[in-house]
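This is the structure I want to talk about, given as structure tokens.
Per-chain numbering from 1; labels A, B, C and D assigned in written order.
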Amino acid sequence: MEVYLDNAATTPMRKEVFEEMEKYFFQDYGNASSLHLFGQKAFEEKENAREKIAKLLGVKSKEIYFTSGGTESDNLALKGIIQKSNKKKVIVSAIEHPAVLRTAEFLAKQGKKLSVIPVNSEGIIDLNKLKKEIDSDTALVSVMHANNEIGVIQPVKEIAELCMEKNVLFHSDTVQTIGKIKINLKETGIDLASISAHKFNGPKGIGAIYIKEGTPIEPLIHGGGQENKLRSGTENIPGIIGLSKALELSLKNIEEEQKRQEELRNELIKFVLEIPKTRINGTYEKGKRLSNNVNASFYGIEGEALIAFLNEEGVFASTGSACSSKSLKASHVLLALGLSHIWAHGSLRLTFGRQTTKKEINYVKEKLPGIVEKLRKMSSIK
Amino acid sequence: MEVYLDNAATTPMRKEVFEEMEKYFFQDYGNASSLHLFGQKAFEEKENAREKIAKLLGVKSKEIYFTSGGTESDNLALKGIIQKSNKKKVIVSAIEHPAVLRTAEFLAKQGKKLSVIPVNSEGIIDLNKLKKEIDSDTALVSVMHANNEIGVIQPVKEIAELCMEKNVLFHSDTVQTIGKIKINLKETGIDLASISAHKFNGPKGIGAIYIKEGTPIEPLIHGGGQENKLRSGTENIPGIIGLSKALELSLKNIEEEQKRQEELRNELIKFVLEIPKTRINGTYEKGKRLSNNVNASFYGIEGEALIAFLNEEGVFASTGSACSSKSLKASHVLLALGLSHIWAHGSLRLTFGRQTTKKEINYVKEKLPGIVEKLRKMSSIK
Amino acid sequence: MYSDKVMNEFKKPKNMGKIENADGIGTVGNPVCGDMLKVYIKVKDNKITDVKVETFGCVSAIATSSKATEMVKGKTIEEALELSKDEVAKELGGLPPIKMHCSVLAIDGIRKSIEDYKKKNKKQ
Amino acid sequence: MYSDKVMNEFKKPKNMGKIENADGIGTVGNPVCGDMLKVYIKVKDNKITDVKVETFGCVSAIATSSKATEMVKGKTIEEALELSKDEVAKELGGLPPIKMHCSVLAIDGIRKSIEDYKKKNKKQ
């Protein structure tokens, strides 16, 4: 059996998305900037896609800009805003994705000011600290909507209100939520939001960013002036079509799907917690965690070894363990929750998708305890 | 009849490229950073593609980095080099693509120094001026290999030698040449070269940059540290596979194909020049122009109107006329050649692809003179 | 980018050419910007009995030249002077914002030809 | 990332566990880095007659623990001290550069257990 439970990393593309994209590869392959029929068709399809996406997110068409993915959108948000601002400070949470963290650190290296706000043991940002950190020199606050490792959802509405009050822009990395949760961006009060298609069964290499009308921002990529001068480069029409189709499909029966996954998640969490010396990382209080995310730590086990054994059984999962990455540093997210290094190294992330079945979860339940036991037996940490 | 002659803008993707990409959408959809089987497969395929591309271009695997396209590669080259350099000056040619020009102008706005080198009436850069402009504060010279509007090929080897002598880095926008001309990047002596897949029948939204080993460069997009820490973001595996396949196919019988197109081009140039008050923009001396490019100007005609009438006849072409763009400024390339505004506004670009046939060119020959005559009759400029 | 009406007008433009013994001629625009118009009018009993235009310019310039001249043909001088760019654009089903200057040009050309007519008439 | 040999060694690691009355014990590594090894040896007539290892660590750490202990079993103390990380890595068909520190760890563990054995022996 093959069980793919790494949907927070990337997802398979849907057939319907692919079918929608196909003709734009060979047939309607025009450059959207070309004046002839081929170009005009491409242009129109692109604008239709933009309109569809905007509608699904409750915003205006011209507030949606296409990019190459979530990472580019995050970079554009942080660098683009600070570039145009006469204020120098950026505030981010301690558990941001590297696309935000590394960018913020780069800005700090460039002479900007950076402030990192801690989270509590549940993974929720400290709003009081955030409030205190926002000063008259603050240009931007960037706090992700849901975390990619632990799935914990941040109170973005409250953060947006706080930022509005203090007259500071608010970017939220919504890469893990758009397509998974119904969001009306306008209502949340977010000023900039990052989108990545491959996280919701769309194509890789395409993303978008929502930027509230009138927000002063400098392009990250200069050139031919596409995307209303904000993002140059020949438009990736098949990608754009794929993104809009994937978003449409994802949001179609979203509540149902969320509920289905939530049940699987709760069942798996309950099961995992019955294994001794095990913890779930991040709150799983109702509504505060993505319905597709289980992140557990097993004391005395190293995560890479765990997922390697799971891999042998056909279960494809991930870990925040340093040994799985090239950085050799344990997950900054788990450490920010206050986990010791031993606990942090022993993490396992299982993230569901639309294709995930109860049968698959049962299969994981069958295999996981034995592997944990085996690794604990070998371990020097008891 | 439908005749697509805008291949410098973008090209249809080849079926074989598509077939190669297809399975990476649904089947081998893993994130190349994931440790499990799905991720490792993706990782390997990506590295195989990189190796193939490197081999085709005569460079090392680790000197090829994937990006979202030509524009991003150009931005990365200029911004990334200047960021890491303690020198302040960038030198570009007057006929660079906006991806280079706008980026250079942005850097100038940021306090860097910019010098723009003119070209002669044939479209070839003034090497003496370039030589004089390179001083001890120069970090980078960026001169494109072939121009996208007029197809004129620059003497990159000589420029590379000059830069080497003066100990200055040399970036070349090779977007219009890679996949169209056989190039051994190592031998040319270029330090950085931009690549865009959709220009040679590959997918849109994927590109690459060659960066000579050891060149100090700052990422444009920070984050998870993909692409050997130079370009973060989940890798676009289908795109990468498509790029490598397209390049392989393009270079397979490249000399033959070039010759075939060159004959069509010469024939069409000869035909066009028989129309009175007509000129060909840029040299068409053997070896100094892309074999797929014809750029003509018709005195007293505005280019947008010309391509609109061609469009009605099913001929899809482009123009450097300001009226076709959103900028309302005439082509900077044609003005740099010394054309008057009237000549510059009357330009027509016809760019061939592999799918272009002699029959199609004959069709253009049949339609073009009548349209030119009609527009001239209407015109206030005789 | 262009409406069907614009394209249809462009494809079969009316009143293109020159009038040999025009009563008024108006030249507007500048080849630097890629648009130059020359409007010729024949006037009889204060009415524009014939109008022709030579246009160096884009799709939009040609379409608005055609449409605007159509709209003033047969009108009195005063009526013709009242024609606005919005009316022309409206008749064409709208123009892209970036191309609005083209419809101004046609209007300006007509006005200039009327001015020229008036000036010549005064002299006589 | 890993060679087949590494994966096979990892999947069925040898010498895992502890020796109750070990003659020498070596603990190396640090949970902060995600790797901690405890090597136990039994020594008789200057020969390592038995060796076991407890490993908290990644695929590479487990595979090298297994392979390195296999390689010193039955060897004399002197021979065991000569085992290098490159030899272990070679036996495993190579290790990813980023993981080389893991094979150092196994070697270090064995050396430390021998040191411990020597120290204890001197005291007696």
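Just so it is clear, contacts are C-beta pairs under 8 Å (C-beta built on N, C-alpha and C of every residue); 3 or more make two chains touch, one makes a residue touch a chain.
These numbers come from a predicted model, not from an experiment.
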Under the document's definition of touching, what chains do chain B and chain C have as common neighbours? A
A-D or B-D: which has the larger count of contacting C-beta pairs? A-D
Using C-alpha centroids, which chain lies at the maximum separation from chain A? C
On a C-alpha centroid basis, what's the spacing between chain A and chain D, in Å? 40
Could you give the separation in Å between the centres of chain A and chain C, each centre being the mean of its C-alpha atoms? 56
Quick check: how many Å separate the C-alpha centres of chain A and chain B? 33
Would you please write down the residue numbers of chain A that are in contact with two or more other chains? 35, 304, 308, 324, 326
Multi-chain contacts only, two chains or more: what residues does chain D have there? none
Touching pairs among all chains present in the structure: A-B, A-C, A-D, B-C, B-D
What does chain D use to touch chain A in their complex? 7, 10-11, 13, 16-17, 27, 31-38, 54-62, 98
Counting only contacts in the complex, chain B reaches chain D at residues 35, 40, 43
Touching residues of chain B toward chain A in the complex: what are they? 4, 6, 9-13, 15, 18, 25-27, 29-31, 33-39, 68-72, 74-75, 97-100, 102-103, 105-106, 196, 198, 203-206, 220-225, 232-239, 304, 307-308, 310-311, 316-319, 324, 326-327
Once bound in the complex, which stretches of chain B touch chain C? 300-305, 308-309, 312, 321-324, 326, 328, 330, 340-342, 345, 377-381
Within their complex, chain D touches chain B through residues 1
